[in-house]
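What follows is a pair of complexes built around chain A, which joins chain B in one and chain C in the other.
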Partner chain A sequence: MSTPAVEFSGVTKRFGEVVAVDSVDLEIADGEFFALLGPSGCGKTTSLRMIAGLDLPSEGSLKIHGEEVGPLPPNKRPVNTVFQNYALFPHLTIADNVGFGLKMQKVDKAEIGRRVAEAIELVQLGGMERRKPTQLSGGQQQRVALARALVNRPRVLLLDEPLAALDLKLRQGMQNELKALQREVGITFVFVTHDQEEALSMADRIGVMGDAKLLQVGRPEEIYEQPVSRFVADFIGRSNFLPGTVAGDDAITLANGAAITGPTTGRSAGTAVDVSLRPERVRLEARGAAPADRPSIDGVVRTATFLGNAMVYSLGLDWLELEARIENRPSQARFAPGDEISVWWRDDAIAVVDGGR
Partner chain B sequence: MIRGWTARLLGSATGLVYFFLYAPVLLLVVFSFSADRNVGRWGGFTLDWYREFGANAEVQDALRISLQVAVVSTLIATVLGTMAALALERFRFRGKKVFDALLYLPIIIPDVTMAVMMLLFFTWSLDLVDTVTGFTLRKGVGTVVVSHIAFNISFVSVVVRARLDGMDQTLEQAAADLYATRWQAFRHVTLPLILPGVLGGALLALTLSLDDVVVTQFASGPGSTTLPVFVFSLIRKGVTPLINAVSVVMLVISVLLVVLSLIAQRASSSDEPATE
Partner chain C sequence: MTDTVHPLTAHERAHESAESRRGFLLALPAYLYLLVFFALPLAIVFVYSFATRNRTGGTDLSGWNLDSYGRLGDEIVTRVVMRSFGLAMVTTIVCLLLAYPFAYFVSTRRPAVRGLLLVGVMIPFWTNFLVRNYAWRVLLSNDGPVSELTQLLGLGETRILFTQTAVVLGLVYSFLPFMILPLYASLERIDGRLVEASRDLYASSWASFRRVILPLSRPGAIAGSILVFVPSFGAYVTPAILGGDKKPLLGSYIVSQFLTARNWPFGASLSAVLIVVMLSATLVYFRAGGRNL
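Showing the complex of A and B:
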């Protein structure tokens, strides 16, 4: 295996008494589009800032392409950052903003001119060279920030909530563009976001952070299909949690006594677990119409919400509320509040996470 | 009806304010051209007092010393004041709160107190230098410059801090991320962005230095009479319209400085947001 682009080993960051990042181990592969995902205050931005050198780790080792960078100041690291508010220099033109890093490295003038023109072309801002940042729209400023970082040919590009300041339409366009840009320049992108859809749609791999800890690292499908904890399942998409206990290998007894099959991954019998069931994985039938060979649970429709492309039902089972999302297809039966129904699911539709809160 | 009254009342109040502000200025300018030796009695138009201003060696010396003191003390106070502002806004260190409070002291304490402090300090420290090294130093231009630097640092740092406080710190982080050393980040990002504040502080310092009488009088010695101190002494000797002329010249210099600082601020606001 080749040297990882970024490698955290037992990295901890404390601000006074507060632990912002708690012994994180993480390897980000070269050329990867990696997302650090988590709610605000989970330590994802601090992790990014430690890669950039804007914050220094309190403990542990941080390597960029195999080289220890722990105590190095930002200007000595082969990485560049796209800041959340872009942090463009207001007194410099677009061309001077983009050329700033090269000028600081004392690259010769002709070379700077050539590479700046190239970078401005790359982000499609030709003709804007002489403008000041405040004369550009938010989306254009975002591109300048990208060009200003990429022109230095960093080995790793860091992006702090790069799309948060853009409006929804622009954000979706930029998602595709960023992805295409990353493929074009072929360098490692590490980006921080609190938006799970953004992470799922853009990243090759995602690291989910919560409460200063790195909870799970994996491809978007893995994170979505096999969340390791209730927190991850809840943060990535929506999920129902059905409490139960492990009855044996891949056998679980739900709190209402129903025996179901699910991946218990080595948990011993009697362990409290939660079964995570995504709303769109819930199968909904009229009472008694569920397949006879599957365990099914009876309940009543509490509310039905029409979303255009889907119906969202809130179902009252005898011991909990369940959310179900049913694609709106012509053949699909619809239910109304008060209807008596049965729910079931396929064995591979669920994930098992540690129980309790 | 009430609106009419209010408007009239406000209007006359405004008129009075302007009258009391500018009537003295107008009188000063007018009587600086009066031929009568008595200040405040019109004796026909003359430029004699301005001629005397140009010819009087004492006045010329005082003006030269004033400008020297102002320029040197402003340059030094601007550098030190900006450094103090940077230290307080960008760094954390032990005793920062105390340093902060001490820095403001010269703004708060009365001029006379400052002046007496300076007098005591210079007398005591020059004596000390004398007994320790055998060099006899006297109060003069040097001590005046030092005293002006002492109070100007505070004013400069207040103005620069206000500007630094309004500056986005991520810009400095961005500069560091783009391979700038601390010095390069200051030189290429911080300084250009706070320059209007630095210039404003410098012009304020220049004005304060040119205007100061009280502190200067206590800190000066033979051969270091500044223009305001000279004017003050003229009044005690017996007033001639010469001091009108001198005052007009000082007025013109002050107005020029104010206009300059306005231009500096105008120039800096040109990189404020433009609409798309």
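Showing the complex of A and C:
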């Protein structure tokens, strides 16, 4: 593999007593669209700011294309940032905003003019060059921020929740555009977001952060299908957690006594685990109609919610509540509150995570 | 903005006029005060500027003429005006140079520290303006503490009292807070992320200051400069106490026309011109700054 675009080794950032980023190891490949995902305050923005040089690591090493950048100030790094809320210079025109970085690098005037025009064209803002940022809409300001960063041809583009300030419709459009843009320019994108759908739909790989730690790194499918912890499973999409204990290799006994099969990945017998079961993976049948060769659990429908393309049921099992999401197909049986049902799932529908909280 | 104008119903019209009447009533005391104690005296000054001084030093209000304005080109007047202008400019520039780093320092502190430092800026206002000027006279006198210090250091006696240096010192001291406060207000408003963005876009810390902070703090610098320049130009008390009377400034020159020369029309015409010039300078200054905000 070639040199990673960004490499964290044991990076820790403390603000006084508070640990914002806790010994993170991470490699982001060249040309990758990488999302740092997590709830607010998890350290994802601080991690991004350390790549930019706006915060410096307290410990550890941070390399960009193999070069140690730990103590370098932001203006000496081959990266540019698209800031949350854009941070456009209000006293400069759009063209001067976009040309700012080139001017600071003392690129000659004609070259600046050419590249600024090119960048403005790239984000489809032709004709807006002489306007001030306040005369543009939120979506247009977003494009200016993108052009202002990309015009410098950074080796890594950092994006700090760039879509958070846009309304839903615009956000979805920009998701596709950003993705297409990244393919077109071929630059490594590192993208910070708290929106799991955004991360899943745009990123090549996702790093999930929680409580200052990097919890899991993987392709969107991996993160979704094989979460390593209850936190990750809960943060990415929705999930039910069935408490149990490991009974042997790939054998789990649920808290109600049911024996099931699931990937225990080397955990020793007796370890407390949670079985993560996504609502859409729950199979629902009338009581007794579940396949006889599968373990099934009996329960009662508590509520049934019609969502158009699906039904969402809240199911009362003896020992816990379970959420099930069943696609609406013509042949699909519907249930009503009070109906007696049986629940089952395929072996590959579940993930096993460490038990408790 | 709405593109269509709907005719107001009678009810709405009544409501609106009631609203505006209430607003007017609330503003009435201030209007009356300004009318009696500001507009009226100002009008009297303008009227007197067209009158004639009679032989006994009184003022003849009949027979209006522009004689007083004709004297404005006199050499002594030009000299006094230029001297005052220069002094006010120096005062403004010195204030700007002193206030900017301080205001910047304050704006980058924690909020609690900021409050403390700003209160510090206001402390001089707790003492009477006149008293503070006399304090400077004591400090700067030939046998005062400043002089004693320079003698101790072997630099000889300090003789700056009753010079223009002393006047500038006094004016800077008096008006510095008027520069600091608007500068602080505009610096404090600057979004820190803009500075970060400029650093991210390859600006050194100096370039970041020059290209982002400086232009964005311009409204404060303009407001502060006006607040310092205008009172410095027409200053009377400070030059009278610290400046001696060998080289009169505009303020004391006008006063002497009223009290010593007893030429009220000439004093009034000088005042009228001063007001008009400062007002137009202020407007031009604001316009020029406003366009680039």
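A few notes on this one:
Here, the second predicted complex is superposed on the first by the 357 of 357 C-alpha atoms of A that agree within 3 Å, B and C clash if a C-alpha of one lies under 4 Å from a C-alpha of the other, contacts with A are read in each partner's own complex, and residues count from 1 in each chain.
Quick note on the criterion: a residue touches a chain if its C-beta (ideal position, glycine included) is under 8 Å from a C-beta of that chain, and two chains touch if they have at least 3 such contacts.
Treat the numbers as computed from the prediction; the structure is a model and nothing was measured.
When both complexes are superposed on chain A, chain B and chain C end up clashing with one another. When chain A is checked against chain B and against chain C, the one touching more of its residues turns out to be B.
Using the contact criterion defined above for the overlaid structures, shared-chain residue A:Thr303 touches neither chain B nor chain C, since it reaches no partner.
In the superposed model, A:Ser137 lies in contact with chain B only, and not with chain C.
Residue contacts after overlaying the shared chain place A:Asn85 against chain B and chain C alike. Comparing the two complexes, residues 52-54, 73-75, 79-81, 83, 85, 87-91, 100-101, 104-105, 148-149, 152 of chain A contact chain B in one case and chain C in the other.
Of all residues in chain B, only 168, 170-171, 173-181, 184, 188-189, 192-193, 271-274, 276 touch chain A in the complex they form. In the complex of the two chains, the chain C residues touching chain A come out as 191, 193-194, 196-205, 207, 211-212, 215-216, 292-293. Interface of chain A with chain B (complex): residues 52-54, 73-75, 79-81, 83, 85, 87-91, 100-101, 103-105, 132, 134-137, 148-149, 152.
Against chain C, in their complex, chain A makes its touches with residues 52-54, 73-75, 79-81, 83, 85, 87-91, 100-101, 104-105, 148-149, 152.
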